[in-house]
Structures are given as C-alpha cells and as structure tokens.
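Below: one structure, written as structure tokens.
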Amino acid sequence: MTTARAPIEYADASPEVRAIYDDIMATRRTDWVNNMWKVLAHDPVTLARIWGNIKQVMGPGTIDPMTKELIYLAVSMTNGCRYCIASHGTAARNKGMSEAQYSELVAIIGLANETNRLATALDVPVDRQFL
Amino acid sequence: MTTARAPIEYADASPEVRAIYDDIMATRRTDWVNNMWKVLAHDPVTLARIWGNIKQVMGPGTIDPMTKELIYLAVSMTNGCRYCIASHGTAARNKGMSEAQYSELVAIIGLANETNRLATALDVPVDRQFL
Amino acid sequence: MTTARAPIEYADASPEVRAIYDDIMATRRTDWVNNMWKVLAHDPVTLARIWGNIKQVMGPGTIDPMTKELIYLAVSMTNGCRYCIASHGTAARNKGMSEAQYSELVAIIGLANETNRLATALDVPVDRQFL
Amino acid sequence: MTTARAPIEYADASPEVRAIYDDIMATRRTDWVNNMWKVLAHDPVTLARIWGNIKQVMGPGTIDPMTKELIYLAVSMTNGCRYCIASHGTAARNKGMSEAQYSELVAIIGLANETNRLATALDVPVDRQFL
Amino acid sequence: MTTARAPIEYADASPEVRAIYDDIMATRRTDWVNNMWKVLAHDPVTLARIWGNIKQVMGPGTIDPMTKELIYLAVSMTNGCRYCIASHGTAARNKGMSEAQYSELVAIIGLANETNRLATALDVPVDRQFL
Amino acid sequence: MTTARAPIEYADASPEVRAIYDDIMATRRTDWVNNMWKVLAHDPVTLARIWGNIKQVMGPGTIDPMTKELIYLAVSMTNGCRYCIASHGTAARNKGMSEAQYSELVAIIGLANETNRLATALDVPVDRQFL
C-alpha cells in the first residue's frame, strides 16, 4: 500500500491516454514518453490538463526555447525536485545548452539562493526606485 | 532592539565601504546604490565578498545578461523574496525584458512549481534515459 | 560517522521507549511500529513529546480523520518529504481515501503551488474584502 | 519601474477579460472579482489558463468543496503565501469552515512541518510496509 | 472575514490562558507577552501545547541558550518568516549575541543556502565516508 | 545525457584544480576531498569561488567552529539537502558535537519549522518591542 503509482506503458494505456502520449511524442519529436506522463496517466483528466498547460507555456513565444528550459531548471533546482532537474536538464541540452552555460546556470542559482536569504535575513527595505 | 539594520548612506560610509559603492555604481553605470548593499555595509567583509561573487557570476559569460536576470528572478519568485523580485525585476527590464517576456516568465515559474510538486507527490522514478 | 541513526527495535528498546511503542500500536490498532518512531527513540524525550503532539493533533476533533491526513499530505508533498508522503499516504488510504480522491488531492496540491508562486511573483495586493 | 502590476478593473478590461471576470463571478456567485485575477489580466492567455485550471480542479469531484480549500490552505501556509492564505481562508469560511476547524487546521500544518523536518534530518528509511 | 486573528490581551483572557501568560513571563523574566502567544490564545489547547514544547526544547540542555537561538534564527531566515526573525533575533541579542556574531550568522545562512542548491542541482553522491 | 556530473579525481584533475584540492586538505587536515568539490571541479572558476567563500565564512571568527556547523545543519535540514546534512553532520561531530547535542539540534529545528508556519499562517503582527 503506497502513494507511488507505477508508470502506465503505451501498450496498457486507454485510447484517451494513448492519444496524449502520441501528441507528446509528435510535439517533442521523440519515440518515447517519459515517466512523469506515464504516472500521471492514472488520472487522465489531470494528464490532459498538465500536458495542455506545458504545451501552451513551454511552446513558441517571446522567450526562446532554451531560455525557457533554463528558467524551468532554476525553479526545479531551488525546489530540490530530482526528477524535474533530470528531465529538464536533458531538455535544455537538447535545445542547445552547452556545458559552460550549465556551469553558469548552476552558479547563478546558487548565488541567487544565497542573496535571497541575506535579503530576507536583514529585512532589507524595498528601494523606492523599485516600486 | 531588532535584527533589521538601517541602510548606511554614502556620506556616512567608511572609505572601504565607499570604494565598493563606487565600484557598484561604475559597474552598473548608475548614480545610486540600492539598499541591499547599504544594509550589508554593516559587515564590510561580507559586503566585499557578496559583491565580488555577484560581479563574477552575473558578469560577462556564455549566458546573455537578460537571461541571467530571468534565471535570478525564477529563483527569487520561487523563494518568495520580495526585495529580490523587485530589484532583479528592474534589472531584467533594464537589460531588455519586454512585458510579453515578463508574462511568459511568470507563467513558466508558476507551472514549474506545479509540476515540481506533482513529480514529488507521485514519487516519479527518474527515467533511465535521463541518467 | 554519519548523522543517520539506525531504528531501535522493540526487543532492544528501554522500558520507557517500549511503553511509547505500545501506546502507538494500541492507538493505531496495528502490530508494528514504523521507522520514524524507532529512529526518534534514540532521544526518548523527543519521542515522547512528538508522539504526544501527534496523538493530540491527529486525534478526534472537528475535522474528520481522513481529511486530517489529506492536509498532512499536502504539507509533506509541498515540503518534498518522501518518508512523510509514504507514511501519511498509507494512513490516508487506511482512513478511506479512494484512488479518485488521491488524484484530486495531487491536482489541488500542484495547482496551489502554481498559484502561490503567481501571487508572490506578481506581488498581488491583498483585497480589502479579505482583511 | 517595477515587477508589480496594477489590478485591471472591470471598466478598463477588454471584452475577452470581461468574459472571464463574468464567468468567475457567475461560478462563485459573487459580485466582485479579487485582485489575483485583475493582476493576471495583464496576460489574458495566462488568466484564461489559470482560471480554467482552478475551475476544473476546485470544482465538483470526490473531495468535498470545504476540504479542498483546507488542502489549498495547507499548501499556502507552508509556502508562506500571504495573499493565498487570505483569499483561501475566506473561501474556506464561506464553504463552512468553523473557528474550531480553522484552529485544528493550523495545528496540523504546524506539526506536519515539524515532523517533515525530523524525518528529513534523521534520514528515516521508508518502511517496507509503505512501499 | 479573514484568517488573521486579533491578539487577545491579558485583561481579556480566560483564567486558563492567563495562567500560560503568567508562566511565559515568569520563565522569561519579562513583564509582557509577545503577539505570537496572544494570537495562539484563540485556541487554548494549541497555546498550551506549543508553549510546553518551546519550554522543553529551548530550556536548559547540552547546547547553550544563545546557540539555541542562533539555530532557531537559521531556520526562520531560511523559511523567510519575518515575525520569527524579529522575535528570535531579539531573543538572541538578549542572550548575548554581539553585532559581529549576528553578521557571521547571516553570512553562514546565506552561504549554506547557496551550497545546498549547488549540491542538489549537481546531484552530488553522498561520500562513503559520510555514511 | 544527464545534468549530473561525475566527480573528478585528484589524478585526473588539472594543476589549477589540484591546487584547490591541496588547499582543502591542508585547511581541513584530512587526506581526502569530498565529492562536492570533485563535482564542482568541472567548473574551476566556481570551485575556486565557493571554496574561497567557505574558507572565509566557516573559518575563525566570533562564533565557535562547532556552533557554525550547527547553524549550517539547521539550514540544510530545513532545505532537505541530504548531501549537506551528511557532510556537515560529520563536520559537526568532528568539531565536538555530542549525541545529546545532536538530539537537541534536531528538536530545535523541528520545532522552529512548526512555529514558523504558525506565525505565518496566523499572520501574527510584529510586536513594537521587536522593531
């Protein structure tokens, strides 16, 4: 008895879930579906909702695709989500992130977490110029 | 008796602190110093260390300056640091962030926080392909 | 040399710790004690304090037992505490949580984390009607 | 120059935003729209997406409406989102939360945060029975 | 209609709450009670439980009183709890924290938050020597 | 393809990285380097910056070395950083932390996380005396 749910493979999925798996693979031009979606598939309504959100938010816009993944990684590293760091780290590399850029990314995230705590600890008043 | 410390203005600062204020203004091409540094100035060793870190990490590299600020904002919004959101929000706009890009940034940060919790809640196993 | 401590089994426990193990099993109507308590047993004063708190807070009140576990899970998922998600996920199922309710729970927790970040990021002013 | 955005009032909203405001008021049976939506209205695509998510996730299901708000509050209090605590605290009261239930909710959230840290700090191994 | 509760003053408190206020003032050798307890007083059972926990955990032990407050501050600054930073910052000063020690404390907390994120981001394997 | 990076052993390190490894071992009087530094070594600039920060902040000052490690642990346990708890738990023991002190530390961190949430949830106003 556990809260964890086993991934639902394509062969075992309902037609409604398969349609979403197909859309994920077509959108991403890959031939496999990662575990996040296979675990969400136990709840097809949420699977459809989250995939719809991801497709809209991470799709074409005014911020380029690699930068979007760097932002996603910054949130995931700050939250300590191991799965999310692995999956979006791969996505960022696929969208062009170099090793040097990855090193800089990690440095910025670490430093931002440091200065965030300093600003909070010292209760720094927000400057009039920022309001 | 409080943990908050009053900002130290340029006129009241020691020569060692003034030198850092001068470097901050020269590096950023502004004629004022924001409160974060004026509050850190109670501890000149930490002021010098953090400014040195910021100058190195946020300075020229392989990620462009505006993207660096977007990453910084992603961390600050996730941590809920009001001062940091205000100061780096301003910095990002000064480095070219448009209103449309700001809207997309906020959408990505919100969604990443949502999916981070889903991945954690469901204890999704890391895919072999990501390792 | 590590900070982790091995669980103390019933057979190896002091009479004072055994009395708490007995109370845990009697209160929960189970015949085993989970690792959280066996690890806390290295510090009997804290073991007694935390068990006393849990017994009082999670015991009978004006919120029904299953709902209490859903609230506990919401906090544990937000904090990313894997052990707590596993143990209180089991507790919630034992108290009647269905698979459909679990799916809804996870959806709410994900969405709440998203909108929490949006509200923080955008520094939304608290409405007069909420104060 | 700031990251905060002024709420957009009904009178100043575009027809597309007004349609969402109307749906929010009709769904909630109120005659006003809270600031969260008025601030999101600067980005109508995100406004429509988040309202759609909220309507689906917080709408009728297998968990009763008041319990859903208690779960939402548990996440918001853990994240320290002041706006979210105020708005969903009001929502929970409107859906029947009594003062005694509110007191119990706060007690559970506090205790869960304590035991979450104990489990993490002591690196408690997940019991075989929970897997 | 709000989730915030007004502090209950001594003059308006029940005998049971007054007894706890008296114990707080006697234990701390002060002639006033801070707002945390006056707000908790709406729920006398929780007020008694939390005060009992604080009295036990923060009372005499093997870690000296000022160090206990520094640890408390480290948690509160990391969580971004403004009230807690203010109250335990005052407590730490009353127990002997100097301005130089406060500066060092803030520097450690900032740096620990930075390196925590680096360790998480890079998924550093725990060294065999630490297990 | 992953975001995780393999530790760089001394034998495989560049002269510039070896110099830092040597300084770490000399400063700590050990004959090995822990994985955190070996993973950071993929980015020698960040390795040098973080080691410089740690050496300055955790070096001699007005707070004694063991207390510094207790503060570091408080942050790491609150952030749920498993690597950091393991490494600084070992460091604290090496600097004199007893089992009884470790138990007290964990109790304070747990309780602080609880009361932090209570203060935030109840939106307790900061007392005039703390400002």
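To keep things simple, chains are lettered A, B, C, D, E and F as they appear, and every chain counts its residues starting from 1.
Methods note: a contact is a pair of C-beta atoms (placed from the backbone, for glycine too) under 8 Å apart; a residue touches a chain by one contact, two chains touch by 3 or more.
Computed from a predicted model, the values in this text were never measured in an experiment.
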Chain labels contacting chain D and also chain E: A, B, C, F
Of B-E and E-F, whichever chain pair has more C-beta contact pairs: E-F
Chain separated most widely from chain A, comparing mean CA positions: E
Per Cα centroids, the chain farthest from chain F: D
Equivalent interface positions on chain A and chain D, same or different at half: same
Rounded Å distance between chain A and chain E, as computed from the means of their C-alpha atoms: 34
Where chain C and chain E are represented by their mean Cα positions, the distance between them in whole Å: 21
Separation of mean Cα positions, chain C and chain A [Å, integer]: 27
Chain E, residues touching no fewer than two other chains: 1-4, 45, 49-50, 53, 57, 78-82, 85-86, 89-90, 106-107, 109-111, 113-116, 118, 120-123, 129-131
Touch list for chain F against partner chain D, complex: 77-78, 80, 82, 85-86, 106, 109-111, 113-118, 120-123
Sites on chain A touched by chain C in the complex: 1-4, 42-43, 45-46, 49-50, 79-81
List of chain B residues in touch with chain F within their complex: 1-2, 4, 45, 49, 53, 56-57, 129-131
Chain F to chain E touching residues, read off their complex: 3-5, 7, 32, 34-36, 39-40, 50, 53-54, 57-58, 61-63, 67-68, 70-72, 74-76, 78-79, 81-84, 86-87, 89-90, 98, 100-101, 104-105, 107-109, 111-116, 118-127, 129-131
In the complex, chain E residues that touch chain B: 73, 80, 85-86, 89-90, 93-94, 99, 102-103, 106-107, 110
